[in-house]
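Right, one structure below, let's go through it.
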Amino acid sequence: MDLSFVVIQILTGLASASSLFIIASGLTLVFGVTRIVNFAHGSLYMLGAYFAATIISRLLDLHYGPVSFWCGVLLAALGVGALGVVMEVVLLRRIYRAPELFQLLATFGVVLIVQDVVLKVFGPQDILGPRAPGLRAPVEILGRRFPSYELVMIAAGPTVLGLLWLLLRKTRFGVLVRAATQDREMVGALGVNQRLLFTGTLFLGAFLAGLGGALQIPKSPATPRMDLDIIAEAFVVTVIGGMGSIPGAFLAAIMIGQLQAFGILIFPKVTLVLVFLLMALVLVVRPYGLLGRPEGPAPAHAAAFNGAPRPWGPTERRIALGTVAALALLPLAGDAYLLKVATEILILGLLAFSLHFLVGTGGLVSFGHAAYFGLGAYGAALACKHLSLPMELALPLAPIAAALGAAVVGFFVVRLSGIYLAMLTLAAAQILYAVAFQWVEVTGGDNGLVGIWPSSWASDRTIYYYLTLAFSVAAIAALRHAIYAPFGYSLRATRDSELRADAIGIDVRQQRWLSFILAGSAAGLAGGLYVFLKGSIDPSALGIPVSVDALTMLLLGGLQTVMGPVVGAAVLHGLKDQIMPLTDLWRLFLGCSIIVLVLLFPNGLVGAYEALRLSSTATKGAASARRREPDGAQSRPRAPLEALARSRASGAGGETSKADETV
Amino acid sequence: MSLLDVHGLTKAFGGVVAARDVTFSVAPGELVALIGPNGAGKTTTFNMVGGQLAPDKGEVRLAGEDVTHLPPREKFRRGVGRTFQIAQTFLSMTAAENVQMALMSRHGEARALRPPAGRRHREEALAALERVGMAGTADQPCAMLAYGDVKRVELAIALAGEPKLLLMDEPTAGMAPRERAALMTLAATIARERNIGVLFTEHDMGAVFGHADRILVLVRGEVITSGRPDEVRADPRVREAYLGETGAAVAMRATQKRA
Amino acid sequence: MAEQRVSRRAILGGLAAGIAAPHIARAQGQGPIKIGELNSYTRLAAFCIPYRNAMLLALDEINGKGGVLGRKLEFVIRDDGGTTGDATRVAEELVTRENVSMLAGTFLSNVGLAVADYANQRKMLFLASEPLSDAITMAQGNRYTFRVRPSTYMQTRMLVEAVKDKPVHRWAIVCPNYEYGQSAAANFKRLIKEVNPKAEIVAEQYPALGRVDAGATVNALAQARPEGIFNALFGPDLPPFVREGNTRGLFEGKTVASLLTGEPEYLLTLGEETPEGWIVTGYPWDQIELPQHKAFVQAYRARFNDTPRLGSLLGYIVVYMVRDLIAKTGSLDTEKMIATFEDMAFDTIIGPVTMRGIDHQSTHGAWVGETTLKGRQGAMKNWRYVDGATVMFPEAEVRAVRKA
């Protein structure tokens, strides 16, 4: 490797780093202020690219020159910034008080909508924008040619960093942004300014996403798939840098750019997994990213949604029994296809329920639950293919394989919390995805494995349906059992207050680790049932969409309910199944449905039912509660949220007191 | 033999020494108060004793056993109960369930898989709540309780572990004045009844001088003096560094009231 | 917009028919003959919508002349969601609810394979139209699955044949990091050594699909000082690769053999960036002089106000193949149709095509030529049609890997 080559490769890496940073800086900024993980950031980036590709071409036709080009870039970015404002005013503003996961779901709805809108407006064909006037010719560096546009890109990153620094240090807006980033409670205290601050932040974040997309145009075409391609990488950059930290994002982008540039020289096939490996490594060593700070206490309203599992009353018991009975009788009424869809819903219901065990009961937001689903599926499939085991023996291997995987991943994951925990689970799933994708000899690569059908006695649709029904209902019942058992109480205790749980002898990490394994094995069982239903498996079972679907299901059903996820699975899958054959625009409809559901039922569908039930008994309950007030209690009863906030505020425990003591 | 022996505990945060060479002991049934101005290192010391924070130097002995580096959950098993400056309870659970959770943990059932958890040790939990005056709201979720009541529940949780040593970090912080006295009296009474050693910090001088058997005064991370309440009150260094004239008056009144 | 309206109406119509009379359709009496078609219409709209357009065109032509076996021919078209999970469910819906007589379609290799396996399990005829994976007709091939488009192996072999006489020994490979790219690379390595024992592979790069880091990749390839480059990048990865390569002078004085680049799908996006003189497989739709083909192009342009893509050609041919198959079999019995299909000769708008019996691969060929810039658009020149029959897997190899 001669010097000139190394220099050129470093420069190339820096150019990629710049564009990555510009995109990630917007994401991290928005997160810092609003605490919203904006899934639609990739969509804004895509819109920036499309806007730029069309606007710049027009402007260049009018007048060819650098001025037109750069005006076009700016216009595109401003346009996207304006869309960011629209998104804030129309959607995000209404859900700031919803739990973080809900916000994520709503922005995911936006992703779906934008995908279809882009297809309709700009057409399916990729659009290759023009090159930058005046920067077409390469420059010579150490005897090698280097695109001059790349030099501009290299400068763009630090320029944006510098401008953001100025903005944040020298303006009132910047002061507010920094205050909000550092202290969530501050945001509430801002009062009237809060709206302006949030709208302004969304504008800036969207502007940066759009700018990133627009600057990309002289290098690569605008395509309808670039949103999801970029968002994962942008997440990784923000997480490695530390959520909310702009210099951190810069550092992380440079690391990734260089790793990518030199990594491909040593392992040409490493491209899929490199960034996720880096993220996993960084998080294991530095749980809050490179420059991140421990997350402050979660806002009280977010915690309030993590309710208690209420035991079933007679009505619920009847509903549950009725549902199982109806499911058992379904083969008599439904046709073969209905059975197939019902089988899928049962499997997805189990998947969502197992995820809910972690998210709802444990407060552990796994963003990579597909990992255990996929491990189960691959475990069974590989046993079937390579060991020639029949279904009866291969299926039990599914939960075992998944449990082993969950044990390994969980070991690292339980050391983290909040968004970092979510991102490490995501990284783990992506690493497994890459293994399944790349290990062609064993897993069949992205073509996957086919021909994994049930044993002949179970190959009939009805019999396989009953098999799935039996396993799913049994597994869900078992998990539900665990929720009401001391095991589930202990897990919930670690969620409500780590400090308290620790102080009464609960090993918080171990409790979470065991829960991870339990939930993982249930997801693995779902994966095993899935593979024999489909007859084939490929890496997409481990992919992000599966994890997102599972999260969507439990959010639709209601986070604080026990059976919500199952209802959510039925609704989401049923919806998809109904809409998909009707129209090419099914993603648009799905996205709108998700957003409407989020806005109408912020507690999920089952949550809405619970609220209805509670309100009917509320008058009685409130009266008796007042009567039972002890005589000694002098202070006014606090609003529950306030009490929660206080408790949460000390969540950081040692950290908080440390600060108290040293200041 | 003393119940708790703390010797030479030191902790620094990035160059700022929060606690230096802190040494003291607590005997069974004895109430020891840790006082000092804000930032004196009270909570740091507390967290080192409780296991939430690892000391840079020094050791913590519980009934002769070195427990310096044991995590809180291990200290719980060895008889340490704790309440926090801002009450830590399980908000999604009822008051009774909170206490039951501690009881399940004490009986090694925290990972049992047989439901319903809500019925385990219920009678014992109700009795514990009764003792702290919370029997009437046993089935209210903690999130719905007044803050003063939450503090009482927390005391019941801490006591459910049958502690030999009770650590209370500002037990009355955030409460109405009349409630404070009641809670402090309650805690002191129970501790003496059950021969529990208590280490507590408190800003309310009335509570400190009214209940403590011994007082340690912490200033800038160091113990400047310790002794019986009347000794401490009389110490000019304490007056200068911490109490001031009004504080001294409150302390005087509180001590006299006891006598 | 016109094409959209038409296609949606067709789909909705199909659906309405399905809802209205699911049980009547079961009888398959005098109603239309239904073929289930599934493809990635949303995820890969750029490829699949032209494909669907041409199918609708062909169907109207056929039904205008009385259909087949005296009945109307109908394609029930569904989105396969671009994933195997969705695709197999959609296939099930087509089979059990729509009661289709056979399945057709798919673009992605993994989806194609999953549907092929489903077809095998449910004993349903499946005509894979667009997926390229060799596995569909080789290692994972089955009795019920047939394929129209020339496979990765066949197209790679066409390119190798075209460059074998060039004095190029040092080859660099750049392929997208997934099955198509991996198997293109493997095929190329194997075939180039067969025709040129002195050939060596000096560099390999496998950027992630849709996320090529073009600068770094081009630089890494250039560093190995190859004399020739074999490229299988396509879609969104191709333009950045071409731009960076042009700017950094990667392609100068080198032979570039590039899969699929001559297909209008990619040339249209490349536009002015189209490199000069790459040896590519593709579809020079505007230069093919066969009268039937000219008529097809004319009808397509007239109806959709758009130029045909390779997908359009495939869609058109698939529909006519299905018609001919049913007409010749004289029934919709799956086993009988398979028997007819094997080694059946078709007279298509691009000339004779045979469905080879031993591997169920059609001899549909491809056009091999050089890329060139015509005005601001990319085009092919010096091309010739390579009959698929000349580049198929050797029969012995087929027999060795196909179990059935």
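Going by the order they are written in, the chains are A, B and C; count residues from 1 in each one.
Following the convention adopted for this analysis, a contact is a pair of C-beta atoms (placed from the backbone, for glycine too) under 8 Å apart; a residue touches a chain by one contact, two chains touch by 3 or more.
Since the structure is predicted, the reported quantities are computational estimates derived from the model, not experimental observations.
**Q** Which of line, ring, star, complete and other names the graph you get from chains that touch?
**A** Topology of touching chains reads as a line.
**Q** Based on Cα centres, what is the most central chain?
**A** That would be chain A.
**Q** Please compute the C-alpha centroid of chain B, do the same for chain C, then give the distance between them in whole Å.
**A** Whole-Å distance between the two chain centres: 74.
**Q** Report the inter-chain centroid distance for chain A and chain B in whole angstrom, where each centroid is the mean of the CA atoms.
**A** Distance between chain centres, rounded to whole Å: 41 Å.
**Q** What whole-Å value do you get for the distance between chain A and chain C if each is reduced to the mean of its CA atoms?
**A** Distance between chain centres, rounded to whole Å: 34 Å.
**Q** Please give the residue numbers of chain A that touch chain B in the complex, ascending.
**A** 303-304, 306-308, 311, 481-482, 484-490, 492-493, 495-497, 499-508, 511, 514, 625, 628-630, 632-638, 640, 643-644, 646-647, 649-650, 653-654, 657-658, 660-663
**Q** So in the complex, the part of chain A that touches chain C is made up of which residues?
**A** The touching residues are 1, 5, 8-9, 12-13, 15-16, 115-116, 119, 124-128, 131, 136, 138, 144-147, 150, 218-221, 223-226, 229, 233, 260-261, 264-265, 268-269, 271-272, 335-337, 340-341, 344, 437-438, 440, 445-448, 450-451, 453, 459, 530, 534-538, 540-541, 545, 577, 580-584, 586-587.
**Q** For the complex, give me every residue of chain C touching chain A.
**A** Those residues of chain C that touch chain A are 4, 8, 11-12, 15, 22, 41-43, 45-46, 49, 78-79, 81, 83-86, 88-90, 92-93, 96-97, 109-110, 113-114, 116-118, 120-121, 133, 135, 140, 177-179, 182, 204-208, 210-217, 219-220, 223, 235-236, 239-240, 243-244, 247-249, 268-271, 273.
**Q** Within their complex, state which residues of chain B touch chain A.
**A** 13-14, 16, 18, 38-44, 47, 50, 52-53, 71-73, 76-77, 81-82, 84-93, 97, 101-102, 104-106, 109-118, 120, 133-134, 136-137, 140-150, 154, 157-158, 160-161, 174-176, 178-179, 182
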